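Note that chain A is present in both complexes that follow, paired respectively with chain B and with chain C.
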Partner chain A sequence: MDSMQHVPIILVALPMVFAAITVLFRSKSGLQKALNIGVFAGLFVMSFSLLLDVWNNGIIVYEVGEWGKYGILLVADLLGAGMVVLSSLISLMAMIYATDYMDRKALDATFFPLFNLMAAGLNGIFLTGDIFNMFVFFEVLVLSSCGLIVLTGRGDHTKMADKLEAIFKYLILNMVSIILMLVAIASLYATVGTLNMADIAVKIAYLAETGTLPWHIHVIAMMLIVVFGYKAALFPLHFWLADVHPSAPAPIHAMLSGMVIKVGVYGILRVHYLIFHESMFMLQPVLILLSLVTITVGATSAVGQYDLKRLLAYSSVSQIGYVLLGVGMGTAYALTAAMVYLVNHAIAKSMLFLATGETLYHAGTKDIRKMGGLVQSAPFLSIIFLIGAMSIAGLPPTGGFFAKLVLFDAGLGAEYYIPIGIALVFAIFTLFYLFRTWLSIFWGEVKEHDKEDAFKTRNPTIAIKISLALLACVVIFLGIYPEPLIVLSSTIAEQLLDPQPYIAAVLERSVR
Partner chain B sequence: MTTLITKTVSKACVPIIILFSISLLFAGHDYPGGGFIGGVMFASAISLLYVVFGLKYIDSIYSYQWDKWFASGLLLASLTGFGAMLFGYNFLRSSYLLASLPLAGDIKLLSTTLFDIGVYLVVIGSLLYVFKGTGEDE
Partner chain C sequence: MNHTLLSVSIALLFAIGTFMILRKDMIKVVIGLTILSHATNLLIVSAGAFLGWRTPIIINEGTGNSSGIIFTDDLANGILAPIIPEGTEVVFVDPLVQALTLTAIVISLATTAFLLILCYRVYQEHGTTDVSEIRRLKG
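Up next is the complex of A and B:
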């Protein structure tokens, strides 16, 4: 038990240590690969044991530096620990995949340190109990992901000029959103005088009880919706995603679309459901409306795309709309559905992106119209791509089926008939554009005969096959036996709607 | 910039700036100072050398790999945090030792000083890595 106590901080600090070590041992490529796969496997095991520990023994609070009552806390509740398990799983698979996929030059230069820092940023965001630290980890995440997007891999047909343009957009817009977050946090601090999220929640609840809640709390809540909505690519703020994500190499694309946009959803779930109870009555309709527009815009944009990576990026925009629809509806069942959808989409989408990277390498182009008949030369990739597409479109026996089922069931139960109707129509769009893509890539005639010899030398390596196959197993498992995920999600939803245990765990602890 | 006057003045100034930056580093926590400010001052001293004498001349004497400084600083700072765990405390818990050394007299030896030195190296390494990298770019 004693060694388990340090797991939250190890999940954040260990990748930072290895970011430093991988800079020092840059030239030894083989050692680097083995070391990093080992580290990420270790992080995955630790995060899983943390989740089990939280499930069995309740919320774990870790005081960094033992500063007493006013110190910096890491809080691992079911939501945070669950997100860490998800991010460690995806980053482990992306890491295994990247060791063979990325260019040797990229691996030797900056890939490993930045990937480690990105993992540290993600774990930090999910585990911190302090809203200012959340801001700091957002910065770590943004800066490291900027450096990762410019790296090149073998199936990467993006020009460096396009990458730099995408980075410029990503960096500038992120800085704007992050300054907005800083302003919101500063106003919150000026109002309640604390940065600890549980403490803020208690004070705002007290202000609301006595009827002296200042009006600008609602403004702060809306500013934070903008910040997190920007991260999650909510409708008016989704425009950057289709430029930035496709510019990244496949493993980073999988991390960005799989995990990094989920950070916005996590932010809304954590901050708004914990702190801004009083503002949710006006934010929920806005969230539902915007998420429906997001679904519509993402799906219709994806239908018109012929660039495979851009198509899937627009698909991510559309799918994050479904997650936020669940978050916006806000009943316990809807939040359960949002969590189930989030997990399924994260795993299936990152698998689809990893498969896409390899497909693009195999085909030698990123234009769907120039591909065809790849099922003969790449049967493995076609199966993986099909499983991913089925899960995103919501067909059994994959996890996506239950995600959509639970979400629509929750919507109908809460009598949101029109939103669910719209979501259902665009779910059919999803089915259409994903299967049209799959059919035109893998079925039909082989389009470029002169490149057939090249296909034989461009097959996925063992590491790439392993990571894809493991993710496919997870997707199928979630489709066949979704019970553990649904039970976990419904417990998370209960904790979100009743944050008293979280507040009690943070505030009523023994202080040295 | 490479006139005789600037060369002579910077030869005299750079050691003083570096000494002052180290004194700022150790003054931290109780007085204004600390790893960040000290590191920025050290980096400005070295960048003065780069500007006055030119990159090639400095590199011909000794080619510093500033990224290694950055990495070792990050390693030192984070291992200080892990060090507290060895003694059964939480991450980054600080402690101090009152020691009387010959010549220095009674001083407090703080474990956070190690963390500050790590920050110092990270700041120096990252600033000069960027400075040198943009300077080398044709």
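Up next is the complex of A and C:
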């Protein structure tokens, strides 16, 4: 128990320290790979033990500098610890995959430090209990992901000019959204005089109770919805995603689509369900409407795409709509569904993106129309891609089936018939575009016969196979035995709707 | 009066910044972002504004309801830094906002540097700084 106490800060500090240390070993490629895989495996084990500890012993609060609620707190509750486990799993797999996928030059020079910083940023966002600290980790995440997008991998057919253009869009829009977040934080601080999220929640609840809640609290809540909606690619703010995500190399694409867009969902779950209870009555209909538009726009855009990576990026837009639909409905069951959907989509989508990177390398093109019959030369990739597509489309026996089942069940239980109807129609779209893609890539005639010899040499290496197979096992496991995930998610949903334990754990601290 | 001036100047900075990030030149967009981030910094500082009577951290004589003897560094009595002597009560400006602003300034420095390098690289690759001509990716 005593050694467990420091795990939250280690989860943030260890990757930051290694971001600096790996720069020193840039000439020793093998050592660096082994070191980083070791670090990320360690992070995964630690985050898992943290989740178990939080599950058994309640919320763990770590005071950085022992200043109580006035200093920066790291709070590991079930939501935060669960998200850290998810991000550690995906980043471990992406790291194992990347050691063989990335170009040697990119790998030696900048990949490892930036990837470590990205992991630190993600863990920091999920564990911090301070809203300004969250802003700082957002910046760490954005800048490190910008540096990672320019790197090149072996299946990467994006030109450098396109990558720079994508990053320019991504960074400018991120800066604007982050300035908006800072304005919201400043207004919040000027209103309640604290930055600790639990403390803000107590004070705003008190203001609402006495009927003196200032009207601009609602405005702040909307501004933060815009910020997190931008991160999560909610409808009017989704346009950057289809440019930026496909420009990244496959492991980074998996991290961006798997975890980084989930940060927005986490922000809404954490900040809005904890602090802005009073504003949710008007934000929930907006969230439901926008998430339905997101589902529609993402799915219809994906149907018309022939660029494999762009198709999957639009699919991500559509799928994040389903998660936010659950978040918007806001009942305990719907939040459970949103969490289950989030976890399933994160794992299945990152697996699909990792498989896509290898497929593009194998095929030598990113146009679906030029591929065909790859099942003969790459049977392993075809199976992995099929499992991913089945999970995203929601077919048993994969985890995506239960995600969709629980979400639609929750929606029908809460009597949101029309939104669930729309979501169902576009779930069929998902099924259509993913299986059309799978069929045209892996079945049918072998196109470009002259390149067939090249196919034999471009095969996945053992590290890539291991990471893909492990992720596929997780996806199948979640489909066959979803009980633990659903129980965990429903506990998280209860904690979100009743944040008293969180507030009590944070505020009952002795100040030095 | 002070308050109004501060609010108006912050609003003006936001307006200028918003205007600038809608320009077509990349460098102007970056300048606009810098102005926006400085407007935000001012907004944060204004959360701990003087209001005409709150004491800033260093002042020789207090006004209003302050005691007048605080925040003086008095070498004769061995006080080196402007610290409130024990037993004095005074309404002072929130110093935390300045710490927040410092953090925000450092972050915006880093991002601005990154953005300028990025603009230069985009210029090298595309041969133009006009945003409307850089659209090979179709959103």
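Here is the rule we use: the second predicted complex is superposed on the first by the 507 of 512 C-alpha atoms of A that agree within 3 Å, B and C clash if a C-alpha of one lies under 4 Å from a C-alpha of the other, contacts with A are read in each partner's own complex, and residues count from 1 in each chain.
Here, contacts are C-beta pairs under 8 Å (C-beta built on N, C-alpha and C of every residue); 3 or more make two chains touch, one makes a residue touch a chain.
Model, not experiment: these values are computed from the prediction.
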Joint occupancy of chain A by chain B and chain C, clash or fit: fit
Which of chain B and chain C A:E494 touches, first, second, both or neither: neither
Chain A as apex of chain B and chain C, Cα-centre angle in degrees (nearest 10): 40
First, second, both or neither for A:A166, with chain B first and chain C second: second
Which of chain B and chain C A:D103 touches, first, second, both or neither: neither
More chain A residues in contact [chain B versus chain C]: C
First, second, both or neither for A:D409, with chain B first and chain C second: neither
Contacts of A:M16 with chain B and chain C, given as first, second, both or neither: first
Touched partner set for A:D243, first chain B, second chain C, both or neither: second
A:V64 touches, of chain B and chain C: first, second, both or neither? first
Superposition-derived minimum Cα distance between chain C and chain B (Å): 7
For the chain A and chain C complex, residues of the former touching the latter: 132, 136, 139, 143, 146, 160-162, 164-169, 171-172, 175-176, 179, 182-183, 186-187, 189-190, 193, 195, 239-240, 242-243, 247
In the complex with chain B, residue positions of chain A that touch it: 6, 9, 13, 16-17, 19-21, 23-24, 62-66, 113
Parts of chain B lying in touch with chain A, wherever the complex brings them together: 67-68, 70-75, 78-79, 81-82, 85, 89-94
Residues on chain C engaged by chain A in the complex (per definition of touch): 21, 26, 29, 33, 36-37, 40, 43-44, 46-47, 94, 97, 100, 103-104, 107, 110-111, 114-115, 118-119, 121-122, 125-126, 134-137, 139
